[in-house]
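One structure is given below, encoded as structure tokens.
Chains: A, B, C, D, E and F, in written order; residue numbering restarts at 1 for each.
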Amino acid sequence: MSLTPDLRAALHGVTTATLTTVLLKQGLRNCWIRGAMPLTGAARGTRVVGEAFTLRFIPMREDLATPASWGNPISTRAAIEAMPEGAIAVADAMGVTDAGIFGDILCQRMAVRRVAALVTDGVMRDLAGVEGTGLPVWARGTAAPASIAGLTFVGWNEPVACGGVAVFAGDVIVADTDGAVAIPKDMVAAVAEAAVEQEAMEAWIMEEARKGAALPGLYPMNAETKARYDAFRAGKG
Amino acid sequence: MSLTPDLRAALHGVTTATLTTVLLKQGLRNCWIRGAMPLTGAARGTRVVGEAFTLRFIPMREDLATPASWGNPISTRAAIEAMPEGAIAVADAMGVTDAGIFGDILCQRMAVRRVAALVTDGVMRDLAGVEGTGLPVWARGTAAPASIAGLTFVGWNEPVACGGVAVFAGDVIVADTDGAVAIPKDMVAAVAEAAVEQEAMEAWIMEEARKGAALPGLYPMNAETKARYDAFRAGKG
Amino acid sequence: MSLTPDLRAALHGVTTATLTTVLLKQGLRNCWIRGAMPLTGAARGTRVVGEAFTLRFIPMREDLATPASWGNPISTRAAIEAMPEGAIAVADAMGVTDAGIFGDILCQRMAVRRVAALVTDGVMRDLAGVEGTGLPVWARGTAAPASIAGLTFVGWNEPVACGGVAVFAGDVIVADTDGAVAIPKDMVAAVAEAAVEQEAMEAWIMEEARKGAALPGLYPMNAETKARYDAFRAGKG
Amino acid sequence: MSLTPDLRAALHGVTTATLTTVLLKQGLRNCWIRGAMPLTGAARGTRVVGEAFTLRFIPMREDLATPASWGNPISTRAAIEAMPEGAIAVADAMGVTDAGIFGDILCQRMAVRRVAALVTDGVMRDLAGVEGTGLPVWARGTAAPASIAGLTFVGWNEPVACGGVAVFAGDVIVADTDGAVAIPKDMVAAVAEAAVEQEAMEAWIMEEARKGAALPGLYPMNAETKARYDAFRAGKG
Amino acid sequence: MSLTPDLRAALHGVTTATLTTVLLKQGLRNCWIRGAMPLTGAARGTRVVGEAFTLRFIPMREDLATPASWGNPISTRAAIEAMPEGAIAVADAMGVTDAGIFGDILCQRMAVRRVAALVTDGVMRDLAGVEGTGLPVWARGTAAPASIAGLTFVGWNEPVACGGVAVFAGDVIVADTDGAVAIPKDMVAAVAEAAVEQEAMEAWIMEEARKGAALPGLYPMNAETKARYDAFRAGKG
Amino acid sequence: MSLTPDLRAALHGVTTATLTTVLLKQGLRNCWIRGAMPLTGAARGTRVVGEAFTLRFIPMREDLATPASWGNPISTRAAIEAMPEGAIAVADAMGVTDAGIFGDILCQRMAVRRVAALVTDGVMRDLAGVEGTGLPVWARGTAAPASIAGLTFVGWNEPVACGGVAVFAGDVIVADTDGAVAIPKDMVAAVAEAAVEQEAMEAWIMEEARKGAALPGLYPMNAETKARYDAFRAGKG
């Protein structure tokens, strides 16, 4: 398991904006899931951290994407029953915006199973009902039609594309007001450590900016500012 | 008239999500109007049902799409004066997002004429003023420029494309939180009947999910669940 | 300076919708900045007027768009220090939606410097932090990654493209609920004068519509209505 | 009829590039049909001139867009039988690229009926067969599926949108290597006259450029160059 | 194996246009692979038939999509070595157009292994070199960068999305001038039979159209035409 | 000058595909200009190498983008007169596809001035005339309207965006069948050296593939293959 309780706690304290900066410094520019923005009330103003449980869709084929298919062994229903508590479901909906992947009943079941959140580059349906389940959802929006109007479900915990980002089962997802970021599972510890440090530094810089400091020399810090900041950090220690 | 008071009442009680499922079972996957989402306060958290009164635009031609054209016999103004009470205006704006089809004055007139709602794949202008009219509007967003900046109005109650859906005058439109659905006029009675049944069934399933039932066998129902549900329905009778 | 206090006050009283109509009558259909919509709380329900201070980005090149580049003489930081009080920063982000051009620290500095607003066809990052600065921002949305994930900053007060509109330093920007409009600096006085008149006329028409007047002859006015309106205007004089 | 034999002959001698310049000078910037480029061998390296016969499609509805619908009174078949000799069929396919509006049989019939060309913002199907009919086609490309896979035909000689341009029955279409331009029927004579003059002038300028003349003063002409050109024109008279 | 020699021969004689019509009549509208058009000389003017061997890509992650990754056990190289003779490789490149999935060396190897064709919704690279291999390729175009500039390869013979169509290993692909169609493996025999009949009928109709027959009653056939056609077919028998 | 005759000669011998691989190994994934493909006969089947002379456009403003503007001191005409022999003009047309940036006369002048090529993410106009000038052009296609229908020219040799790539004056452009690549001027020598080596190696690998070698161990090379290749290279030395 890549996400220890300590790492989970550390990541809860850093913004996705900071995470993307740290990941860029470590060589990854493409880690932010396009289109997955806070959709439900439970997703707004909060931050979730969890391991990715991936879901994969391909385009609708009329003879496969039927109401009857919902009872298949490989179905979104079966996938939900396999989700562990605390996981974040990451659904590759190919960015489709005219077929809602999940509605109230499936979200209700995810909430009962204590899934931490649903993140998708697609859209939801039955938004009023989904709000009622309390599940935090990051998505591109809402559409009335069911997934089968445009999509065929093919499996879970395979590598997927979500919002232009590669996501593997077990990658760590952090989602907040700025959207959702995927941290490769092997990098989680290093990223969390650097991010906590970066977050503290930016908080101090923000305070300086609030007091009226000019940006040159402050952000990024020059040597003199760095010395002042180091003194501050030492003092806090 | 395809929309009797009974059908109108029945449709008021079902979500657009349910309607798309019923329409799909009857062979129509393409009935949800892309881009037409609740825009005004009067459209949020509500549901409207009405017969479609269509409006058709083509692209702007500089010599036709002028402020003077607003006084023509074929104009948005004339169209509004022809709208019956309770109708839902469905405007084919070709998905144009940088010219607002209607502003406060036209919406005010529609409100005075008791038009039930405006649904468009385009955008509105003068949003603050439109909010003041109380007209429920489903649209893709807002833009300052007038329709004539990008569109030429050509007529009403012709067949139109709205958000990728074919809409004919008299088709029944239902719009709520998930957007707007067009029901072909000949199918309204059959769709309404099946939708009421589907809605009741999904409500019961949702209640089971809330109590903690697993999805397999529940949604879709297997024979055992179906028997339990039938007993419940009979008991309610 | 194109924007005198009188013109500023006049423009504060007219909607961007009205401004686009006036500009169209003067020959300009393409003046509304696509994608720049009210993003922060400070931008919602308000109107800002100011001279454009332009910022220009080109695509990311991995060796140029680095955290180190933030300390360059040509950098967003240096640009912000050059912004005059009351200016509206207009950032040409090429419509990029997966790299946030500014976050909390830069917006804080702009707020301290009394920049009136930020208008961009791109997106912001660290939205929660930006909200805290009180800066009014019109943008296309939010993304966690920094500008350098997708953009290279190249200079300020050059002519730019913003949301499909040509913007030159010193053009006057007006932004409200319907988005942002650029008025060429040489046309500001003429536009403001016509807009104030148009706004008064539309307010009167709106009142007539509220009272139940039909649209033909009212909007646009026929001779009889025009006479009534002129009498009303004269009476107010 | 807007297109006399003389006007037709005149327009045969000018490029669509020149026509767009002339139309812009007369106030129309939006006259070039996006996406309609020479597709068949018969369209390449040639120029066609004719009056527009419009065709209108809206999105597919599964119960309407069926093979059986091809036998309806309102069908593409019936439309073709109504096309006059020499007309240019202009099909508003809403830019759809995954359903070919016409295939070999319909194009064969158009060729037999001496329709001058087919212009569409959509695509063709059965391209090999269409090539065999000799019909000049301007289109966005090719797709195997029939129109009914994505489109419903609704009528002919109504105002249409084609490639972002308003086209009315009887407007004059000119199409060549650079695509297709719609000239409003009322402007044909004025446009043709100015275009012939513009074409002659540009030919002379091109010859000067070939001989090595620098652009400033040449294109556009300054007074001295204009005098030389006028002398040349007079000499030719 | 779904594709017997007889079925293969039958399908070689029918156009993809005819196949889509037959599939639509059997309920499938979504079978044509968007973007996969004849790219190489070996693909133009020909038709290929074969069973699909699928390839799946997800977005680039900088630490995975490296030149070193080309030597991995799961790599495009390993996939090619697993392709059977006569197969058609179907690559889900997510429609990416700025990273070429294969270049000359990989195509050379496919040609040596007698792979029948490559079909992708993405693009190729090193087009001049690919032409030299003689491999028939249906693709969206060409780009210089390697796949790893934008894509990570994740596996083969999984269900994929290609050009908006669901493709499973073993589905039968037919590709010609109009692009590529996927026939679900279970439907191949039924589709081939109906397609051969449809093709013969359309050839006869085309001949009638060439002779000058009007469309109504011909296409689709009315009873009288059908009788004439049946007589013709009987005569040929 | 970054481009010595030796470097120019070296780059003439390598494909753009190879250049992108070398640049990726040196950290740059984003160097291929999207949309700029061989358009004219003079561009097909050839390769050009030259230093970038950049041109920058912003969106059309009706009062600036006029035929009269063609005579301004800052105009495309003036820019062309400033182009040095052998340069490659790189025009940032913001990807606009409905206004052709240059036509026959401007291309004729560029040809006379021995400009090596024109590369743009936009389109050309008057294609037949442009073909006659012999200028090699890489572009997205063709449109009849003039640049002023959609664009305003603002200057030359500024940093630009072209097809999603940052291009600075003096960067080296290489364009061939696979499109156009921008090499940052400081990297030209290193890139050229590595590219020549890569090209030789791939030629040898291609020969092995032609003879029937399997890909694993060949591409990329394992130690044994590398030894064989080194021996070959030594033998050629």
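In the analysis below, contacts are C-beta pairs under 8 Å (C-beta built on N, C-alpha and C of every residue); 3 or more make two chains touch, one makes a residue touch a chain.
If you're wondering where the values come from, they're calculated on a predicted model, not measured in any experiment.
K.L.:
When every step has to jump to a touching chain, what is the lowest number of steps that links chain A to chain D?
P.N.:
Minimal hop count between chain A and chain D: 2.
K.L.:
Show me the overlap between the contact partners of chain D and those of chain E.
P.N.:
Common neighbours, chain D/chain E: F.
K.L.:
Which chains contact both chain B and chain C?
P.N.:
Output, common partners of chain B and chain C: A.
K.L.:
Taking contacts as defined above, which has more of them, C-F or E-F?
P.N.:
Most contacts of the two pairs: E-F.
K.L.:
Would you identify the chain whose Cα-based centre sits farthest away from the centre of chain B?
P.N.:
F
K.L.:
Please identify which of C-F, A-E or B-C repeats the interface of D-E; the criterion is that more than half of the contact pairs agree.
P.N.:
B-C
K.L.:
Taking the mean of the C-alpha atoms as each chain's centre, how many Å separate chain A from chain B?
P.N.:
Those two chain centres are 32 Å apart.
K.L.:
At what distance in angstrom does the C-alpha mean of chain F lie from that of chain B?
P.N.:
Chain B and chain F have C-alpha centres separated by 49 Å.
K.L.:
Rounded to a whole Å, what is the gap between the Cα centroids of chain B and chain D?
P.N.:
Computed value for the inter-centroid distance: 36 Å.
K.L.:
From the C-alpha centre of chain C to that of chain D, how far is it in Å?
P.N.:
39
K.L.:
Residues touching two or more other chains, restricted to chain E: which are they?
P.N.:
29-30, 60, 62, 164
K.L.:
How are the chains arranged in terms of who touches whom: line, ring, star, complete or other?
P.N.:
Looks like something else, not a line, ring, star or complete graph.
K.L.:
How do the chains pair up in terms of touching? List each pair.
P.N.:
A-B, A-C, A-E, B-C, B-D, C-F, D-E, D-F, E-F
K.L.:
Using the touch definition from the top, list the residues of chain B that touch chain C in their complex.
P.N.:
Residues 60, 62, 67-68, 70-71, 77-78, 80-81, 97-98, 100, 103-106, 108-109, 112, 125-129, 141-146, 148-150 of chain B touch chain C in their complex.
K.L.:
Can you tell me which positions in chain E touch chain D when the two form their complex?
P.N.:
Checking each residue of chain E against chain D gives 15-17, 19-21, 24-25, 29-32, 34, 37, 45, 164, 176-179, 181, 202, 205-206, 209-210, 212, 214-216, 219-220, 222.
K.L.:
Name, in rising order, each residue of chain E that touches chain A in their complex.
P.N.:
Interface residues on the chain E side: 27-30, 58-64, 94, 152, 154-155, 158-161, 164-166, 184.
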